[in-house]
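The same subunit A turns up in both complexes below, where it pairs with subunit B and then with subunit C.
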Partner chain A sequence: MNQKVMQKRKWQSTLFLLIIIAVTYLSAVITNFNFVDGLAAFPAAIGWIISNLLITQESLERLPTILEKLNETVFMSIAATTTAAVISIFLGLMGSKTTSLNGILSVVARFIAAVSRNIPVVAWALILLLSFGQNSVTGYLALFVGTVGFLTRAFIESIDEASQSSVEALTATGATYFHIVNKAVIPQCLPQMISWILFMIETNIRSATLVGILTGTGIGYTFDMYYKSMNYNAVALVTFSIVIAVIIIELISNYIRKVIL
Partner chain B sequence: MVERVCTFFWAYSSFYKWKGEAIMSLLQVVGLGKSYDTETKVLENVNFDIEAGEFVSIIGPSGAGKSTLLRCINRMVTISEGNVLFDGANVGTLGKKQLRRLRTNIGMVFQHYNLVPRLTVIENVLHGRFGYKTTLQGVLGRFTEQEKKRAFYLLQKLGIEEHAYKRCDQLSGGQQQRVGIARALIQDPKLVLCDEPIASLDPNASKVIMDHLKSITSELGITCMVNLHQVEVAQQYSDRIIGLNQGKVVFDGSNHQLTDDRINRIYGTQTRELITV
Partner chain C sequence: METITKPTYMKRKKDGSISLKSGSKSERVMRWTIILFILLTIVGFLFFDYTGLHLTTAITETAYNLKVMFLEPALNHFSWGEALYQIGITLGLAVLSTVLGAVIALFLSLMAATNLSKEWISKIVRIIVAFIRAVPTVLWVLIFAIAAGLGSEAAVLGMLFHSIAYLVKAFSEAFEEVDKGILEALRATGSNWWHVVMHGVLPSTFTYLLSWTFLRFEINFSVAVAMGAAAGAGGIGFELFMASGFYFDLSEVGFITYAILLIAIILEVLSTRLKKRYFPASVRH
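Right, the complex of A and B next:
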């Protein structure tokens, strides 16, 4: 998982977001018009889009509420990512061959990472919904669990790649495990780890919208509510503000990356 | 089985002998055997003594077990059979704390330098002091003035003082290897193990590094064991050469004794031809 793969992933997720937006528009069209009629009356459809999915003066009045919910979602994503990162550092150190303390812990760490990574966040949300109900804890946990899986895997690879040789050298000087982790492994891997954490924050803000629709929290809930009440102007505004938020976060994290790498 | 008992007995008796001796060798390798898996023996019944102040080269074809041999001495790999006795300690049986103390007495220099690339030269040099620190002191990065002075002194001796605050990944290979040597020397070691220290360097940088290693022994009196690929370099620099082939010592003597015929025996005639052609 190098920078190139990450760049590709980022593209993929941006593309994914665009597709979601496209689908949103499309389904908005479909729910109001017969599809064939819609095709036949394509100009009319466009006319509808222009008149309904435009951000109007009236929907702009809802902006404070929307921003508040957006804020909630953004901070929940950040909190889920950073807490997951702390756990992932430990799991990463245990899972990596160069820094693992013993074989059993290593297997356990890799197993946890594999399970939580290979179940999609949406599926986690649905599973957790059963036990925690419709609240923000469920959303937080769904993001948290998925992030632990991804970050642990990424950290294991960063550690393996970056520090095997210096771990050997420091072991040979008689350094203790904590010396080695603190003074060789972490300094060498930190920029890459931060880069992965930033990447996960971006990803999680995107996922949080979807998870929010399921768990009835944050901006996802707002989206769902306006959507169901057919307030399409507000739906457009919500979508637009999500896109803006994601772009801002991306710009910030790209800047941080540039500074630390 | 019989062989095992014999080896054990021999090891035991020489251990006993060594205890009784007034002047003991710095390092004694007695019946050393090493295997990573059950099938292949990487080292087999290796025996030699090294006196304090010697500069010894170890040569042999790729896969002969040179790196493994060095790593048995500071127990970076476990010892399967026989004994390694270093400065009064039986390396194979040391507890965790004693092993740490042993390692502080043995510096190690690597082919790929094994520095932390993102950290500065001086930070990397001071890493060599961790063996003497408690976990807390080390994690907090507490180094005494004396240690810092010594680090700068070593950098100056090695001619890279002006790079002290540069990140290691900005240095050339030869300069990085000198950082590696400084890190080993700041340990105040009795022995420095060098695993192909010049294999990644051009001839000029190689000469600089070999000269520095040689002066470790001649000026500081620190014993050196150097794994080398190039026979010519080994002959030029060392008092004594040990030849390994398939895990066995096939030559142990001075460089005058290392005739072409014997070189062929170490490398196996065909491989030797392949290398020189």
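Right, the complex of A and C next:
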């Protein structure tokens, strides 16, 4: 590396850094974010959390209701993810170059995936809330739509990565499309797909809380209720039960991933 | 050739035919995982709370709503300039939480990477990070909102927390994949920890870090929209919440959705380009 290249690199990285700083500053101005206030708020907030978010005996009495709602939320995210995965497998098979039937279907599959992925879950929840009302199905559908988008993209990528040679070999033997997909493509991609589904279940439990706050269902609604009535001990209990549920699911899926990948 | 003379063991079915599938552990686990998914889904549907649901009317109404939204988008309660300003706020929240998060995560992940730090430090950082990640971002923002007051500070702090936790995990994994030889060579020349990080670890992982940070920015944009709607953090998400929850103005919801979709797609295309440019071979997630 000669002097000139080094100097150019240095210039480039300095410029990059300056742009980042400028953009950050601009963002702070536009959002009225005060760095000093933010910095000062942080220890205050931590202090508040430690002194107020305590689980007391009184809040523990609410545990059965909280667990029931948590159950509903966990089941909702699992159901949304698995049903979305079934749809996504078909969309993924249509969208991938290896297995697509024709160009138009492939474009359609990718388009559906891009739209449903990039419209945030919040927007879906608010739109569906208008006519589906306050019940689990609204949350389920909101999670379902977002998950279809994400999983289709992931499945298309894993099917594309699967080796072409086995598909070619089966085609040479005169196997039908169904045989090729069933015996060559799916077995190769299955571990990857299961890993993505597990990832999506974890993500969906967190999003389900958000969707719950908006649509008034599940653990999100419970949190919102205690939050608005300023029952902070119950808020702490809800938060902890979510944390424990998420960590348990993470541990299980880490184990499954370790075995299958 | 001893192996030929030995009778080889073959798994047979009850009728004596040789079973073609030899069940390895991973196959068994996969089968059980799928069965479990199906069972849990069925149970889930039985447990759902169906109060006030009229499926047929709901579906026809939603179809009508979607038609109005996507075919007749319009702005009724605020102007184009204001819409741009609100989008700016949402993007600003995303930028702030990503940039600050990346800087803080860089230091924390150096502490969390097992090849650069002491074991107990790395363990403590990992446990804290796992805890922070398990709490949904909304809850962080809402909790900070009580302590710091409603405003951009609470939103940025809440989103920052989650970004840090996410990036520490990604960054420390990238650091741990750094070639051991590089670290060893630098240590052999007598360079201290700081030198090893500056000249060995960072240069070889920089593009990874950048791509992860941009990916997080993409996520943070949609999180910022969500925080606007659910936690009153302002920006386009709040307008979306107002349009659908207060004005019931579907054309406006449509307009806002289009705006969000446009930006999200631009960000996605940018991040895919970044990925393709820096790691054409290994697209990691």
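To be clear about the criterion, the second predicted complex is superposed on the first by the 208 of 261 C-alpha atoms of A that agree within 3 Å, B and C clash if a C-alpha of one lies under 4 Å from a C-alpha of the other, contacts with A are read in each partner's own complex, and residues count from 1 in each chain.
The definition used in the following text is that contacts are C-beta pairs under 8 Å (C-beta built on N, C-alpha and C of every residue); 3 or more make two chains touch, one makes a residue touch a chain.
Predicted model only: the values in this text are computed from it and were never measured.
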item: First, second, both or neither for A:140, with subunit B first and subunit C second; value: second
item: Subunit B versus subunit C as contact partner of A:172, first or second or both or neither; value: first
item: Contacts of A:67 with subunit B and subunit C, given as first, second, both or neither; value: neither
item: Which superposed partner A:182 touches (first subunit B, second subunit C, both, neither); value: first
item: Subunit B versus subunit C as contact partner of A:107, first or second or both or neither; value: neither
item: Touching partner for A:19 - first (subunit B), second (subunit C), both, neither; value: neither
item: Chain touching more of subunit A, residue-wise (subunit B, subunit C); value: C
item: On subunit A, positions contacted by subunit B and by subunit C; value: 191
item: Complex contact set, residues of subunit C against subunit A; value: 25-26, 29-30, 33-34, 37-38, 40-41, 43-45, 47-53, 57-58, 61-62, 65-66, 69, 85, 88-89, 91-93, 95-96, 99-100, 130-131, 134-139, 142-144, 146-149, 151-154, 156-157, 222, 225-226, 229-230, 234-235, 237, 240-241, 244-245, 248, 250, 253, 256-257, 260-261, 264-265, 268, 283, 285
item: Of all residues in subunit A, those that touch subunit B in their complex; value: 163, 165-166, 168-176, 178-179, 182-184, 187-188, 191
item: For the subunit A and subunit C complex, residues of the former touching the latter; value: 20, 23-24, 26-28, 30-34, 37-38, 41-42, 44-45, 47-49, 52-53, 71-72, 75-76, 78-79, 82-83, 85, 114-115, 118-123, 126-137, 140, 154, 157, 190-191, 194, 197, 206-207, 209-210, 213-214, 217, 220, 223, 227, 232, 235, 239, 242-243, 246-247, 250, 256, 259-260
item: In the complex, subunit B residues that touch subunit A; value: 74, 76, 100-104, 106-108, 110, 112-119, 123, 127-128, 130-133, 135, 138-139, 141, 180, 183-184, 187
